[in-house]
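Written out below as structure tokens is the structure these notes cover.
Think of it as A, B and C in the order they're written, each chain with its own count starting at 1.
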Amino acid sequence: MAKVTMVEAINMAHAWEMAHDPSVVVLGEDVGANGGVFRATVGLQQRFGAARVQDTPLAEGLIAGAAIGLAAQGIKPVAEIQFMGFIYPAIDQIASHMARLRNRTRGRLSCPLVLRMPHGGGIHAPEHHSESLEAVLCHHAGLRVVCPSSPARAYGLLLASIRNPDPVIFLEPVRLYRFIRQEIEDDGQALPIDSCFVLREGADLTIATWGAMTVECLKAAEQLAGEGISCEIIDVASLAPIDFDTILDSVVKTGRLLIVHEAARTCGLGAEIAATVTEQALYDLLAPIRRVTGYDTVMPLYRLEYDYIPSLARIVDGVRATLAE
Amino acid sequence: MTVFKLPDLGEGLSEAEIVRWHVKVGDHVALDAPMLSVETAKAVVEVPSPISGTIVALHAQPGERIETGAPLIEFAPDPGADSGADAGTVVGQMPGALVEDAAGAALEAANAVTRPRVRAVPAARALARSLGVELGSLTGTGRGGLITLDDVMAIGLPARGASSKMHPAPAPAAPRPPAASPAAPAGAAAGGPADVEQLRSLRRAMAQSMALSRDSVMACSVFDDADLHRWRGGADYSTRVLRAIAAGARAEPGLNAWYDADSQSRTLFEHVNVGIAVDTADGLLVPVIRQVDQLDAAQLRVELDRLKLAARERTLKSEELRHFSFMLSNFGMMAGRYATPVVVPPAVAILGTGSVRQDAVALDGKVQVHARMPLSLTFDHRVVTGAEAVRFLGAVIADLERPE
Amino acid sequence: MSTLAARFEIPYRACLDNDGNLIGPLPQFAQDGALLQRIYRTMMCARTFDAKAVNLQRTGKLGTYPSCLGHEATHVGVGAAMRPEDVLFTVYREIGTKFWRGVDLHSVLLYWGGDERGTLYPSAPQDFPFCVPIGSQMPQAAGAAFAMQIRGEQRCTLVFVGDGGTSQGAFYEAINFAGAKALPLVCVIVNNGWAISVPVRQQTAAQTLAQKAIAAGVPALQIDGNDVLIVREAVGEALARARSGGGPTVIEALTYRLADHTTSDDAARYRDGAQVEAAWAREPIARFRKFLYARGLWDEAAEQALKREHGEQIEAAVRQYLATPKQSTDAMFDFLYAELPPGLYAQREQARRYAAPRA
């Protein structure tokens, strides 16, 4: 078994599926000879040929729209948007068509495809390269939005996303691309989609989080464990639709919920989780639900990015405040 | 000596491999001169010298992988040269690498302390906390055993958020706002359609509130009599006593108050809302007369009659059973001269009135016979001083002894 | 029956060959030796600064930086053709144009050093900051030109776009609008051959990028973008026409990206070193220097003096940049709105409380 980074795991998942499903085609800006700006698709063009790994012109709307057409014709596109901050020209295609083609045609046409993109900040990248815009996508019924938080989950969830019969937006936390190495069996085993992952069990409080923030939350849990505070960490992973059963079960067990996300607070996914838990488990709560999130500001340029991204201290204090209620 | 550490040469690159050094120990290098080639996960890049100086040590060999932020090379800077110290270094490493494999840390053995969970309406939970009531000791009457606000109320305690304006006293180093905050529970604020309360197990509620009082209040009682000899006209004991309580509260606001032991804070009230102990066949009920200090005798009487009737007929609205700031027990209506009535938290005092009787009174060296009302004041000595209590009682007596 | 509906041509223009020899008439503006010297100095400033910026990134002192190596003639030539009151929209590489318009070195370092104060541009208060989302500057530039037209001003808007940017819908939308309204807009397509790893021939089947303007009814031409004389001349003509109500022009400037796309890129992965080598023979500065030498406008002494001057200027700018303290966390909030809505006070306060260590 190889010890691989998340970006290598993503590459492995591409390769496995391309080897086993000839309909899988990779497209995007710089995904061919360059192997993607983060090297997620490196070597695929050499291995599977130029026909199956294609650089597109520089147009995100085109990439998303062409993926729809490809998919409706039975090709399985795995398309890359270079950075999530560049997704806006593609939103028209995603919202107006990708999310609703199946519904518009009462199931006659569909577009099983994967639109991958780097997500979030923390790598000192330039302006517009560090955005966390999952909420913009989760608002559109008909889409799945998935965000892995480890090499193993990236591998398994990307396979599941490619095999899913509906369009999946696959968010890859840039901060985790090369953060850790993990042993992964390259066996083509998918992980369940539409499902949370409990990363750590605990009794006092539930933390629901995803993407790069899972790492910070695990650190917080470790630190708090030393004080006798037991946190349960849930990697929400599938951001749309959300596996609320797992979250609710955990909240019923612990009675307290902290939601941590990097994206801005207002209309962030944390609000949706808090609202649903309030509707369904209010009487099990021992304390108000809290959120630790990015601020309602523009993602700052990189010198302030760690002032924006929720810090370990903010998470730890969020846990303590929730427990003090 | 200046140590140069491997910077993040791309975006989020955690390591690099040394391809080749263009310099060796002892070499003098100029600022920006080529120093080495490294290969990252994204590119082969040339790293120039960050300063002018002499190379003292190279910390990695070609073919070796080193982590972003690890020492790469050591210089003796030229005299007078900018040391290139990292004061302005703004790009380099992501804070805090995770040593543990994230998935390895996953699913750490459950620290499975499973506690019985009590499901409760949030407002009920908050009230119970402010009163120091263990939710586990209550039986929920809501759907699926849910503890409702009324379940907490039914133990005979006041709830929060009187309609009166409150003036919180300076809280002694309170870590958070007093639990008895002015926020009114929805039920209390609602002036809407009457939600006629089916009272349940009054006796159980009494038992619990008395036990709570015993466990938390430092009760202290003081006794005296009010001479009613100068009263004129028909005597309405109850309304006079209510008015006297208002006078007492004016003289000493510290008894018209709530005390929150959790936050060590007390709330002083502007108006006097008197909870009146009413005996019913099922047990004790404590309806509340609002803003006693604002009502005249006639209004007090009307309100008193209405509440007593409602108590007997079980038509009291739940909000009429909440939010008293002071309590009155006129046990003497039946019998008894003095008593040690029980303070019910978060209130801090209760006045008991014994049966009015004709007493032989020494006056100007002579014995006269006067009607006198025995008074028993119990106060919570945790938060009320003896002096405050007797000042209050003195004002009550003075008001009661007025002709009208 | 079949007949010709329309016929279009894309002219190509150049003044200097690769060796700095005139291959056409000397443009009128080039009579001004001092102007030519200023152009040269600015091109050299861009190149020297650029090399330093790359080194700062390589030593951990600057964020990702997109080198302008090889683009100096296009960038500086455009700046020299503009009037101060015109408005400039750039992509993110055009420091030569910014320098011409008075933006200081320190500001450029601040921006790529992750600090928004690098967009203050006191000398060019109406110019837009660098635009990272590809092509998105185009409609905004058309809007700015529209404003000038509505007010009947003698001003123009100049917008840069890259070869990759011409694949974006926003490019077509903007030039179509500019054509329809005859806006005072000059669009310079900087065709440096590469959109990161994608060469122009994979970007489009169009023989030239200039011809994309024909579909919008906008006059277009192609020029040698490594020849600063023709850049200054052609852009100057287009601006003059726009200023007099003659409408927009699209100019495709042919140059070459001699460096990696950015410091995060490794062009050796996808392009042939021989191609880069060949492109060096066409690079803009050496030929212009030869031209100036030949005309007696420049010599070795001037060159050495300029190197010293730029070295000192850049060193001072770097020192100033490295000594600039990080902004306070309030900076995240202060410029979101004209006035911060009270609903955000609590978050601003929280950000202060949890500020990361100052650096």
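Assume a contact is a pair of C-beta atoms (placed from the backbone, for glycine too) under 8 Å apart; a residue touches a chain by one contact, two chains touch by 3 or more.
Predicted model only: the values in this text are computed from it and were never measured.
Asks: Hey, which chain is the most central one here, using CA centres?
Replies: Nearest to the common C-alpha centre lies chain A.
Asks: If you take the mean of the Cα atoms for each chain, which one ends up farthest from subunit B?
Replies: Following the centroid criterion, the farthest chain would be C.
Asks: Does A-B or B-C have the larger number of C-beta pairs in contact?
Replies: A-B
Asks: Please compute the C-alpha centroid of subunit A, do the same for subunit C, then give the distance between them in whole Å.
Replies: The mean C-alpha positions of subunit A and subunit C differ by 35 Å.
Asks: Using CA atom averages as chain centres, what separation in Å is found between subunit A and subunit B?
Replies: Taking the average C-alpha coordinate of subunit A and of subunit B, the gap between them is 39 Å.
Asks: Quick check: how many Å separate the C-alpha centres of subunit B and subunit C?
Replies: That gives a centre separation of 61 Å.
Asks: Residues of subunit C touching 2+ other chains?
Replies: 63-64, 113-114, 264-265, 269, 326, 359, in rising order.
Asks: Can you list every residue of subunit B that touches 2 or more other chains, as numbers and ranges?
Replies: Counting only residues that touch two or more other chains, subunit B contributes 8, 11, 42, 90-91.
Asks: Among the residues of subunit A, which are close enough to touch at least two other chains?
Replies: 37, 124-125, 129, 302-303, 306
Asks: Applying the document's contact rule, which stretches of subunit C touch subunit B when the two form their complex?
Replies: Touch residues, subunit C against subunit B: 51-52, 55, 57-64, 113-114, 260, 263-266, 268-269, 319, 321-323, 326, 359.
Asks: Quick check on the complex: what are the subunit B residues that touch subunit A?
Replies: Going by the criterion above, the answer is residues 8, 11-15, 41-42, 90-91, 94-98, 101-115, 117, 119-122, 125, 142, 146, 176.
Asks: With touch defined as at the start, can you tell me which subunit B residues reach subunit C in the complex?
Replies: Those residues of subunit B that touch subunit C are 4-5, 7-11, 32, 42-50, 82, 84, 86-92.
Asks: Quick check: in the complex, which residue numbers of subunit A touch subunit C?
Replies: 29-30, 32-35, 37, 55, 57-59, 61-62, 85-86, 88-89, 124-129, 265, 295-298, 300-308, 311, 313-314
Asks: Using the touch definition up top, name the residues of subunit C that touch subunit A in the complex.
Replies: 63-64, 92, 111-116, 130, 132-136, 164-165, 167-170, 195-198, 202-204, 262, 264-265, 269-270, 326-327, 329, 331-333, 336, 344, 347, 350-351, 354-356, 359
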